[in-house]
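These are the structures, in structure tokens.
Heads up, the next two complexes both have chain A, just with different partners, chain B and then chain C.
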Partner chain A sequence: MHTGAAPRASAYPWRMRANWWLKNPRYSLYMLRELSAVFAAVWVVLFLMQVPQMAGGPEANMMWRDSVRSPGWIIFSLVSLAFVLYHAWTAFTSVGALVYLRVGKTATPGSALNASMIIAWVVVTLVIAVILVSPTVGG
Partner chain B sequence: MAQEMLRMVVTRYRPGEDRQPVTQSFSVPYNEDWVVLDALQYVKDHIDGTLSFRWSCHMGVCGSCGMMVNGTPKLTCAAFLRDYYPAEVRVEPLANFPILRDLVVDMDDFMHKLQEVKPYIIREDLASAPIGFGHEFRQLPEQVDDYKQFGMCINCMLCYAACPVYGMEKRFLGPAAIALAHRYNMDSRDEGRDQRMPLVASSEGIWECTFVGECSVVCPKNVDPAAAIQRTKLATTSDFFRSFLLPWGRR
Partner chain C sequence: MRYRIDTIEPLWWGLFMAGAGVVGMLLPVHIFINGLAIPLGWVPTEAYGPQRMANLVGNPLVRLYLLVLVSLPLFHWAHRFRYFVFDLGIHVARMPIAVLCYGAAIVGTVLAVITLVRL
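Moving on to the complex of A and B:
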């Protein structure tokens, strides 16, 4: 399917510059948001590659523990965490734009939907944190 | 007291004279209640009558006077000089569009796309009988609320100038056209959704959008085209899964 019309021959064509995303802070934040997915994906792939080491017996497990204590991995994990938190924030605060919810005669404000997502995010995070630090459940 | 002056840097492009756009500076009187459009009109009336730009209503309704003001898409009839003074004001044609002359851009592409999404009410019963007396389609206030925001679009194209996706991919249907398609799809009187969706839900429609969101930021009428696009994505996805789960049902 083709949309649009061909520009007139006498018109001066528009050319997008390579640094367009530096012209506006919101464009830069958008690019960061897109980049955040790369960090999240790479971290998960590396983590999955570590799983056999974790479960590969005492010696392999010790090697895995040493590797995740290395400064490189810790720094990469912290940077990835920051990107993931930013990505999650942008996702949850987009819900108000994404979802149109009319209850009876009144449309639910987007800000209320965003707030409900943030609250749910915090609650789920706290529940997971409690499970992980609990000696009887998480070990 | 001497008249305060403001420096304006205006993009000029005169086909046959300029090989590429150039800038020209003008010194215009600074008046607190002037908008950028007033200053451009001063240049045209008193300094250089060849300066070309579009305008019509001078009251933020017609959508003709959209330009880049200090790098941001603005209706120049609503951009007050006092918000920039004493710094200079840089006026350029709308980004992402070919330039016809000076501050006038080629809007054919947008007009073509606008027509393609069929931004009007489509009903089978209107196809057989002309609109006139006897055609009354009642709506509840909440049904009007479902689409009213998206119907406020004045086709000023600021959203296109703010959209980097449109800047890079001219096939993209763009924010305003999709917002208007959404406006009619959400209208309880309309029956044309199936006619619009093949284009709107194509790879050149909603799925080209990566949700930069700047279209909604610059919109002078708070239409929120980004929301219209994301909601259409959600509706299309819902249609897709429903067609698998309920293949016998109407989508």
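Moving on to the complex of A and C:
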């Protein structure tokens, strides 16, 4: 009977220095990509806070319009947009490497999968944009 | 308290990936329209007037969409930020950091539900 088994390690030992991500530009970009989630989260929270004002009647709506014209909101949105676009581009262009899709006996090329993701993104973006900027749609 | 990574991790990871999809697929156009196009006057004012906004958010499907748009990026942030802290070499207080991150996402979701229900 086997009784001398070593106890399992509770975690993989960490041997990286804290500044490992500064050693290589690719690692730095990886960490910047991780940071994109912070901008996305802060932006949606600020957006949520605006929704009651947008739909809260003429006065509230006017106050909301004035508030979003602030340079702080515009600059923060611009930076956030850059981060989420970087997130989107890196995610969609990695699908071909991550997903194996076979149609019949033929494997779909990774480039086709990447392209399908980008096409889907363009279609979704255009549909939402048209709804948001067209006064007669859904209003 | 030991973090039960083997039991609850799939839930957080699932919400993280769903949030990744929302952040990549849906959020850029909203940031562009609400963060740049409207403030800079590139959108007709009738498109975001009080009556149209009230009509839009009066639709339950739009409210549900807004909840998804707000909540899932929060869970995406929670999971990613937790490991971002880990990647920075901070290996202490793993359980409190996890609770703070996912707790913030849960609180944000509850606040989003309250905000959208009260509209």
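In the analysis below, the second predicted complex is superposed on the first by the 113 of 139 C-alpha atoms of A that agree within 3 Å, B and C clash if a C-alpha of one lies under 4 Å from a C-alpha of the other, contacts with A are read in each partner's own complex, and residues count from 1 in each chain.
Criterion: a contact is a pair of C-beta atoms (placed from the backbone, for glycine too) under 8 Å apart; a residue touches a chain by one contact, two chains touch by 3 or more.
A quick note: this is a predicted structure, and the numbers were derived from the prediction, not measured.
> What is the contact status of A:Ala60 with respect to chain B (first) and chain C (second): first, second, both, or neither?
A:Ala60: touches chain C, not chain B.
> Classify the contacts of A:Trp21 with the two partner chains as first (chain B alone), second (chain C alone), both, or neither.
A:Trp21 contacts both chain B and chain C.
> Name the contact category of A:Leu132: first (chain B only), second (chain C only), both, or neither.
second
> Applying the document's definition of touch, where does A:Arg69 land relative to chain B and chain C: first, second, both, or neither?
A:Arg69 sits against chain C, while chain B stays out of touch.
> On chain A, which partner touches more residues: chain B or chain C?
The partner with more contacted residues on chain A is C.
> Could you tell me if A:Ala91 is touching chain B, chain C, both of them or neither one (first, second, both, neither)?
Only chain C is touched by A:Ala91; chain B is not.
> Tell me which partner A:Val44 touches in the superposition: chain B (first), chain C (second), both or neither.
Touch partner of A:Val44: chain C, not chain B.
> Based on the superposed arrangement, let me know which partner A:Tyr100 touches: chain B (first), chain C (second), both, or neither?
It touches chain B, and chain C stays clear.
> Using the superposition described at the top, list the residues of chain A that contact chain B and also contact chain C.
Shared contact residues on chain A: 14, 16, 20-21, 34.
> Mind pulling up the chain C residues that touch chain A in the complex?
Residue list for chain C touching chain A: 19-20, 23-40, 43-44, 46-59, 62, 66, 69-70, 73-74, 76-77, 80-81, 83-84, 87-91, 108, 111-112, 115-116, 118-119.
> Spell out the residues on chain B that touch chain A in their complex, using ranges where they run on.
Residues in contact with chain A: 13, 15, 20-21, 71-72, 95-100, 106, 108-109, 111-113, 116, 140-142, 145-146, 164, 167-168, 170-173, 198-199, 202, 204-205, 210-214, 216-217, 224, 226-227, 230-231, 233-234.
> State the interface residues of chain A toward chain B in the complex, per the touch definition above.
1-5, 7-8, 10-14, 16, 20-21, 23-24, 26-27, 30, 34, 94, 97-100, 102, 104-107, 110
> How about chain A: which of its residues touch chain C in the complex?
14, 16-21, 31, 34-38, 40-41, 43-45, 47-52, 54-58, 60-61, 65, 68-70, 73-74, 76-78, 80-81, 84-85, 87-88, 91-92, 120-121, 124-125, 128-129, 132-135, 138-139
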